[in-house]
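See the structures that follow.
Consider the two complexes below, in which chain A is the common component and chain B and chain C are the respective partners.
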Partner chain A sequence: MSNPAEQNTEWPLWEVFFQPSNGKPFEHAGSVHAPDSEMALQNARDTYARRNEGIAIWVVPSDQITASSPEDRGPFFDPANDKAYRHPQFYSVPRAVKKRK
Partner chain B sequence: MDTQKQLDDFQKRIDNGETIEPKDWMPERYRKQLVRMMSQHAHSEIVGMLPEGNWITRAPSLKRKMVLLAKVQDEAGHGLYLYSGTETLGVRRKELIEDYIYGNAKYSSIFNYPTLTYADICVIGWLVDGAAIVNQTMLAKSSYGPYARANLRICKEESFHKKQGYEMLAKMASGTPDQKKMAQDAVNRWWWPTLMMFGPNDSDSPNSAELIKWGVKTKTNDELRQHFVDRSVMEAEAIGITLPDPDLTYNEETGHWDFGDIPWDEFWSVVKGDGPMNRERIKARRKAYEEGEWVRKAAKEYAHKKSLEKAS
Partner chain C sequence: MSTFDTIPQTKKEIFTEILLRLADDRLILGHRLSEWAGHGPELEEDLALANIALDMIGHSSALYEYAAKLDNKPDEDHYAYFRDDIDFKNIALVELPKGDFAFTIARQFLFSSFSYFLYKDLTDTIDDEEFNGMLQKHFKEIKYHLRHSREWVLRLGDGTEESRRRIQHAFDELWMYTGEMFEMDKTFELATENRFYTDVLKWQIDWKEFINTTLEEATLIVPDYDQYMFTGARAGRHTEYLGFLLSQMQFLRRSYPDAEWK
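Let's turn to the complex of A and B:
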């Protein structure tokens, strides 16, 4: 925008994660703008948890997140593909044992 | 420049029903169309607080006041989900907001109509939010992940909005003769503008085909509008309200309700800025934005001061 001094008043962006219920892993919900972590938490609650959508919230400065890039998806996850021995199906079990489940 | 191979691969992903995420490759035009559409949607949610906020202090009972407050707060939330989603496309929120209050960005023309009585609040819930549900249910399946997820969240709350309005209108429509008249009058004024919310007819909607090709939308304006009309006819009848269209007739062949001509001249004049409340709405938004400037500054300064205290 035209005025760089004014631009500074925009609050930083925070990514919001919440835990839907006890025992569940945290999920990404969206983002909020806030001047500090305390207000980020409050804004996240008002924006993403008005109806008990979560029992706990994390906020993380958006610029602190490092993400894998989609172009590298193939090579990046490749090492997982050629190690069949990591899966239980790779091993044989005597028939009698198998039957018992 | 986007190469043909990139475009083909992208189209293949869309046709396979894959979801596009922020860091994925996408055609520049897809990104542009999404920024336009998502930010317009966000602005509409925010400006939509004004016609309803108008009645908070004069709600007929404490219960209705609590309901309306919660609903208006939800609208703010919807705006925020959508701005948050739009920012994933690499635009800044400040730019989006300023493009709307000082620039040319559009918002839904429905919010340029005044709310004259409390019956209008009932009808906004029933018709305007009802139409929004039809549209947003489709958008919850949009090909762009953050947009789809924002709409899914919105839909969950929107049905509360619609039901509170419909219930309130039903009550008013079964009240005293004056109340009945008030309810019917509000429906008469909001019906046609609500039908315009779905946008121009397919034949006049240049963006539609492209948005459908890219899976941003999955149904056309006219399909959504028809679905809404069919539902509204039944809902109006159930509470003794008459929809102000003498041409409404059930078509045995199509299984749908045929309806009269939409006053498109009015639609285009409102879109161009000449609706009854266009100037008032933008004035209110500018006032809120400018008068909030010191709050944003102060909060930022306070956060800075606290971080210094922590460091020392």
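Let's turn to the complex of A and C:
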């Protein structure tokens, strides 16, 4: 049982993502409060799309996002440091391919 | 044109009168909305109302600018800041005090839905390219204003007991001011003949249908369309509220007529 005095009277939080142009991935813009998804879209438009920032908006309830914790940073990201072959720059481009440019 | 029942004579006068009527409606409602800045119920809603206010003041500014060109006046400020209340041609609906949030939303919904049908028709009717281009540009923003206010009508109507009571009260209070939107006086008739305006009675039934559907979806009672309707504001017979609004809006510009943005 939750104590009514401690109940959150604020609207739920939504994360806002914008697609800058066709074919581009959606980028995180920020967050808004809103009572439901339709209003979240409108608020996102009013808060973040006032200067022609994009062509499409996603809103996602913030509590639906699962995030990694700071302690995960080591196991998640450090192993990539010594694996240079995972970057495209590791490979040299054959001369025949270069010529075609 | 001056005040009261003066009827514009030349084509240029008729056209100017139409531009001013449209502009005055938008400037005054834009100003009323701007009064919410810093007082919105939520930060996000504060921004939304301020955005709509800016859009509407922008629409009026473009219309005034065009009128000034036709009418040989120095600029749009002449109309916004140097006319008295009897010279303003807006309908009374837009000058009523902002009231509570429900009142602001109900008024915006009534006005934006009317604007939606009006601009849709005008963009098909108006021959003047500059005027038509302006209307097309503004129409996109009107669609958003309508969407914003309609979503709120649904939520307030079908929300809590208090929100429902407040928005129903707002519609009941506002209803007698909706008649002026559909008044076709001599000036509007002349303008329609000259393709500067359109016969709004053509689609009044569609507008009512849209209003009825939304209010019913919001579980609200549609007030009586045949009740007494306020009239006369377009001809300069305003409510007492317009003078107070203008004194606040105009005092700086009138006190310092030569002031410039630096």
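We take it that the second predicted complex is superposed on the first by the 67 of 101 C-alpha atoms of A that agree within 3 Å, B and C clash if a C-alpha of one lies under 4 Å from a C-alpha of the other, contacts with A are read in each partner's own complex, and residues count from 1 in each chain.
Operating definition for what follows: a residue touches a chain if its C-beta (ideal position, glycine included) is under 8 Å from a C-beta of that chain, and two chains touch if they have at least 3 such contacts.
Worth saying up front: this structure is predicted, and the values here are computed from it rather than measured.
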{"item": "Which superposed partner A:R50 touches (first chain B, second chain C, both, neither)", "value": "both"}
{"item": "Partner chain(s) touched by A:S31 [first = chain B, second = chain C, both, neither]", "value": "first"}
{"item": "Which superposed partner A:S92 touches (first chain B, second chain C, both, neither)", "value": "neither"}
{"item": "Partner chain(s) touched by A:S69 [first = chain B, second = chain C, both, neither]", "value": "first"}
{"item": "Partner chain(s) touched by A:Q42 [first = chain B, second = chain C, both, neither]", "value": "second"}
{"item": "Partner chain in contact with A:L13 - chain B first, chain C second, else both or neither", "value": "first"}
{"item": "Partner contacting more residues of chain A (chain B vs chain C)", "value": "B"}
{"item": "Those residues of chain A which chain B touches in one complex and chain C touches in the other", "value": "11, 32-33, 35-36, 39, 46-47, 50"}
{"item": "Chain A contact footprint on chain B (complex, rising order)", "value": "21, 23-25, 73-74, 77, 80-81, 84-85, 87, 92-95, 98, 146, 149-150, 153, 156-157, 293, 296-297, 299-300, 302-303, 306-307"}
{"item": "List of chain C residues in touch with chain A within their complex", "value": "42-45, 47-48, 51, 144, 147-148, 151, 155"}
{"item": "Residue ranges of chain A touching chain B (in the complex, touch as defined)", "value": "1, 7-11, 13, 30-33, 35-36, 39, 46-48, 50-51, 67, 69-71"}
{"item": "Sites on chain A touched by chain C in the complex", "value": "11, 32-36, 38-39, 42-43, 45-47, 50"}
